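Following this line, the structures themselves.
Shared between the two complexes below is chain A, which has chain B as its partner in the first and chain C in the second.
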Partner chain A sequence: MDRIKRFMGKDAKIGYSFLAPALILFALLNIYPTIYSFILSFHKWNGLDPHMDFVGISNYLEIFKDKIFHKALLNTAFFSVFTVVVQSFLALLLAVFIENVRQKKLRAFFRITYYFPAIISPVVVALIWGWMFHPYNGALNNILNTTFFWLSDKRTVMPAILIANLWQWTGYNALIFSAGLQSVPKEIYEAADIDGANAWNKFWHVTIPSLKPVASVVIVTTLINGIKVFGLVQVMTAGGPNHLSEVMTTWLYKNAFGLGRLGYASAMGYVMTFISFILTFIYLKQVNKND
Partner chain B sequence: MFNRKNMILTLIVVLAISLVGCSGANNTADTGDSAKQESDVTELTFWSWYAQQGPAIEAVVKEFEKDNPKVKVKVEYFETGAYPEQIKTSFISGNAPDIMGVEPGSGPKGLVTFKDAGRVLDLTDIYQEKGWNDRFYESAIKQLTFDGSIYSVPLTVNNMNLYYNKTLFDEFGLKAPKTFDDLYKVSEVLKENGILPITWGNKYQWTGKDYFFLFAGQQDTTLIKKAERGEIKWTDERLVKALNTVKRLSKDEVYAPGTNAMSDWDAIQLFFQEQAAMFFSGTWAIPNIKNNAPEGFTEQLGLIQFPIFENGLNHVSPGGVGMNVAISKDTKHKELAIKFLDYFTKTQSQKIFVKEAQFTSPNKEANVDEIVESHLLKKFNEFQGDTTPRSLVNSKMDAELGGGIQALIEGEMTAKEVLEKVEAVR
Partner chain C sequence: MKKIKSLFSNMNYLVLIIGTVITMYPVLWVLVSSFKGRREFAKDYFFPAGKWHFEHYVQAWVDGNFGTYYFNSIFVTFFSVALGILFASLAAYAFTRLEFKGRNIIFYAFLATMMFPPQLGLIPLFLIFKKLHLLNTYWALIIPYTNGAIPVSMFLLRGYFKQLPYELDEAAMVDGANHLTIFFKLILPMSKPVLATTFMMTALGTWNEYLLALTFIQDEALKTLPVGIIEFQNQLAVNYPMLMSGNVLSFLPMVLVFIFLQKYFIKGITGGALD
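Let's look at the complex of A and B:
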């Protein structure tokens, strides 16, 4: 009786009417495009012809054989793994550093300063770092007093993009870790002190286990954002030179809007979604297993 | 007054207004005064994305409306990325504009894209009837003709040449180079004095193709079109030679090293700051230089056609049609649209257009020195008759070529390998 009242009663009806605008928007902007692009992935279409050609699964088969997609997949994997491992770890270190600062105001200042890059548009970040890496007038080459081509040398093109990404997101993740750190009860640390634990022991045996849930959040969101990275790469290198720094999103974009292959690009989008799905699923299974 | 009910009401009203205000990304530029909804006034709609041309277009439209009082031309501009979507939805909803701006080629707003979708009128007979075949530059008409039919009218044309810093040249006693021998001598002197010869940024891939088209055109301006149509192979030795010339200039550091690490904009910065003495670009760079280079920089510049890489070749300028306009197949005002385009492109109107917009009209007779302000634009107009094609219609070949040239510069592929890849996607 209670349940029915909750979902069908007068109060509930008011609730639904408040939800309605958001639900309609969600349906329009999320559900409809998701279904539409799924259908599109089985067709061939350039976006302007009045009709689409049904091609079955040939788009998906082509992705399988597409050498550039393979390169993009590898780059995206490299990018994601690097950000998850290195960026998360650095964020944790940064959070520990910030939380151990004595003065409250200084702590707040650090939190804000390190978080700040996260609110800048990735395109702007890409432009700023494009300038930093500029061969002749860039800050980096001026400091090192050299003329190195960071954005076209195959050894440094992905690392350069990773550095820009790190600069933008480490503070954001550090803030999440900060929140996690603050919620660790002091009593546990005191108990550890009594047991004679040093700083490293405390960090390894108290801090890290307590941060498990927060770390989960950071890792999963960093992973998904790593797979989705677009603006940063597109503006810093456009996936170049000649596909060296191509990631799945930039290759999708080029196929959709450069080559006019909307069906193929939609199929690629679904493959990407599928991969993210699997990875997240595996990761969460692992985490829940250990609990 | 500030109770909860009123706050919620206000919030809803605000939201509703903002949703209404967010309808599309267009900003209408109504010509003339607010419309008097008379039933005998016919309205022609003209859609474009190039808002900078706005004042120039309005200037001509005003004259047209004066001479045709029963007609009103409504020009609307859309944000360049949103334009293809707007056009597409308008076809579906039946509200397609009478006249629409298109790009040459097969991109999302390309003429070829619209033509293949059957959305634009065939204007071949109109060209004959109105004598437009004699009005425009031959190269422009050739570029817009597909299998003997033409579907659009050019609005602007442009070409590419070598901008050089005369002040720097004078400082080192250098003369504008006409051949590669000259070019290499000039580069040596510049490099000795710590100046980069030619600055070139190929990060976004499109600039490299222009050099290839240039060196192909210096040998024979028909090579590129022949290769695209399959009359010759992309691996033809003349095309391999053209691509190898790009490689040569890169290897010998006549092009400032780091080409693929810089965008076109990054590269032009070096030119503005006098760290490089030469820059190969088109008519479109003139306003960029005027607005973004140091004060008076434009006066320091000279313009020449790029030096020929072998004796016996011709100096040419890669160029072609910039924006062009087509008439939509669903138009209810076909005769009127044609009348408007005829009026718009006739010499008298084009002179108004040039005076306002300051770039090259497709109508040969309109590009007269008296109304052209920049000395650079005057030179560009001089070379407009000499253009060699600089665009590919086939987007797959275009993409392979772009990526291939980047690989060529990095030493990852040879010229022959690049052209084999282009040939393979035929």
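Let's look at the complex of A and C:
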């Protein structure tokens, strides 16, 4: 590496020029909108008037009092936390079962099968599960022989969305755990065997600790994706009958493009991002504390 | 002991098979239902009773304008991903083979963008595209999608480039090659596997993207598949099997790609750690 440096020199110039295309897009599509959004959040604007009205922090104050936002926040939190807990657990379990299969080809078959839902667009998943939960002709009601409105009842609408989401991503995360499981060196298990450990001991004291980094990745990405969820909810219920299944992203979208409240929606975007940062930060702190 | 072992192994298979059924059932149900007659759907048997109605697919394709949607999705996805990977690989080369200030910070800054919800920048992007008259053009999607493909690609490619030995670079330099030549004639050709994997992973996300496609494109002729299928569902109300055939048409392309190239998708999330 040093020889390269000495030979070429002028590394920085070339380095930045190689980075230039990515950096330009980054500035245009990440930095600029973030700043503009911040400014917009202190204004009131419907996007059509020639000028915006500066309103200070009143957008943020209004979010604080917005009952629908509260509902959306609760739904988002419920959705994210529940998904993280249930999905991670199921995915890990699934991974263990998959890796227990002896035949390589059979293992590969199961991996492909479980990954499969993840490649379908979330909005198409929403349509499929919308059909599954359809009150009159849906698969679920056909089997149960009833006409329950799963997607309209306040007790079942969020669980229904959760199920669709679990269906889509559990297998995907199971594969990530599979990779984690396979990367545990066999020697550790052998050492545990010598110490007289049984299967449960090995699982609890060798496997689980070794999976901590992988589990961390799975948990954080699932959490972030849970907060960002949009297409699935928007298409399955559009925020549910009367905001019952509203999540932060759908409510933001309604405010921005339905109600023409661009400043308010921008403020909401910031609050949402702030919350997601806090959650991630808290989680990461927890993980590092326990080490 | 052997009995317990085989009991566990049977339970293992049982769980996996139940899981497989749960995974496949919704898709198979939609698929099979799409062949039912229009009025049959109200009955609750799984398979169509009489003949299988393939004409729903033809009707869906024509009425639903799927040809247009397929074309738009392919076009937008291909260009965005190709550009994104090009930019990301240039950056990854810089990160691994060049020394300059801020090398690591910039890399992590790119990764950090994956944490932000797209809604944050959605409104300003919409406004700036509107101002530049880019709304309802392919650029309104290609530009953000290219940007979106970069962080993941950068991550995967940088990891791979790091492992490529420097001796080859040095040998090339002795022969008088500059960095650009090394990049295009040496590094890229050696990176075919990771490029294929990266291509698949980013193409998947781009193909399935909904929020930006919904917000930036109103023109029917330019809509991509996810937006198109929702359009289709909302317009035609009562012929459920036909709606379902539209549904199948919308996930069919990616499923076919997945079946034939699944090793790339799996590699993409497991980094080749699975046997």
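Please note the rule applied: the second predicted complex is superposed on the first by the 280 of 291 C-alpha atoms of A that agree within 3 Å, B and C clash if a C-alpha of one lies under 4 Å from a C-alpha of the other, contacts with A are read in each partner's own complex, and residues count from 1 in each chain.
Going forward, contacts are C-beta pairs under 8 Å (C-beta built on N, C-alpha and C of every residue); 3 or more make two chains touch, one makes a residue touch a chain.
The shown structure was predicted, so the numbers you read here are calculated from the model rather than taken from an experiment.
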| item | value |
| --- | --- |
| Three-chain arrangement built on chain A, chain B and chain C clash or fit | clash |
| Chain B versus chain C, judged by how many residues of chain A each one touches | C |
| Contacts of A:L29 with chain B and chain C, given as first, second, both or neither | second |
| Chain B versus chain C as contact partner of A:W204, first or second or both or neither | neither |
| Touching partner for A:I128 - first (chain B), second (chain C), both, neither | second |
| Contacts of A:G47 with chain B and chain C, given as first, second, both or neither | both |
| Chain B versus chain C as contact partner of A:F281, first or second or both or neither | neither |
| Touching partner for A:F257 - first (chain B), second (chain C), both, neither | both |
| Which of chain B and chain C A:Y136 touches, first, second, both or neither | both |
| Which superposed partner A:F89 touches (first chain B, second chain C, both, neither) | neither |
| Identified clashing stretch of chain C versus chain B [24-32, 114-122 or 132-140] | 132-140 |
| Footprint overlap on chain A, where chain B in one structure and chain C in the other make contact | 21, 47, 136-137, 257 |
| Chain A residues touching chain B - in the complex, by the definition given at the top | 21, 46-50, 130, 133-137, 147, 149-154, 237-238, 240-243, 254, 257-260 |
| Of all residues in chain B, those that touch chain A in their complex | 15, 84, 87-88, 91, 106-108, 113-114, 116-119, 196, 202-205, 256-263, 266, 269-270, 273, 275, 395-396, 399, 403-404, 406-407, 409-410, 412-413 |
| Complex contacts: residues of chain A adjacent to chain C | 1, 3-5, 7-8, 11-12, 14-16, 18-19, 21-23, 25-26, 28-30, 32-34, 36-37, 40, 47, 94, 97-98, 100-101, 104, 110-117, 119-124, 127-129, 131-132, 136-137, 139, 142, 145, 167, 171-172, 175-176, 178-180, 182-183, 224, 227-228, 230-231, 234-235, 249, 252-253, 256-257, 262, 265-266, 269-270, 272-273, 276-277, 280 |
| Footprint of chain A on chain C - complex, ascending | 9, 12-13, 15-16, 19-20, 22-27, 29-30, 33, 41-42, 44, 86-88, 90-91, 93-94, 97-101, 103, 106, 109-110, 113-125, 127-128, 143-144, 146-147, 150, 154, 166, 169-170, 173, 178-179, 183, 204, 207-208, 210-211, 215, 225-226, 229-230, 233, 240, 244, 247, 250-251, 254-255, 258-259, 262, 265-266, 269-271, 273-275 |
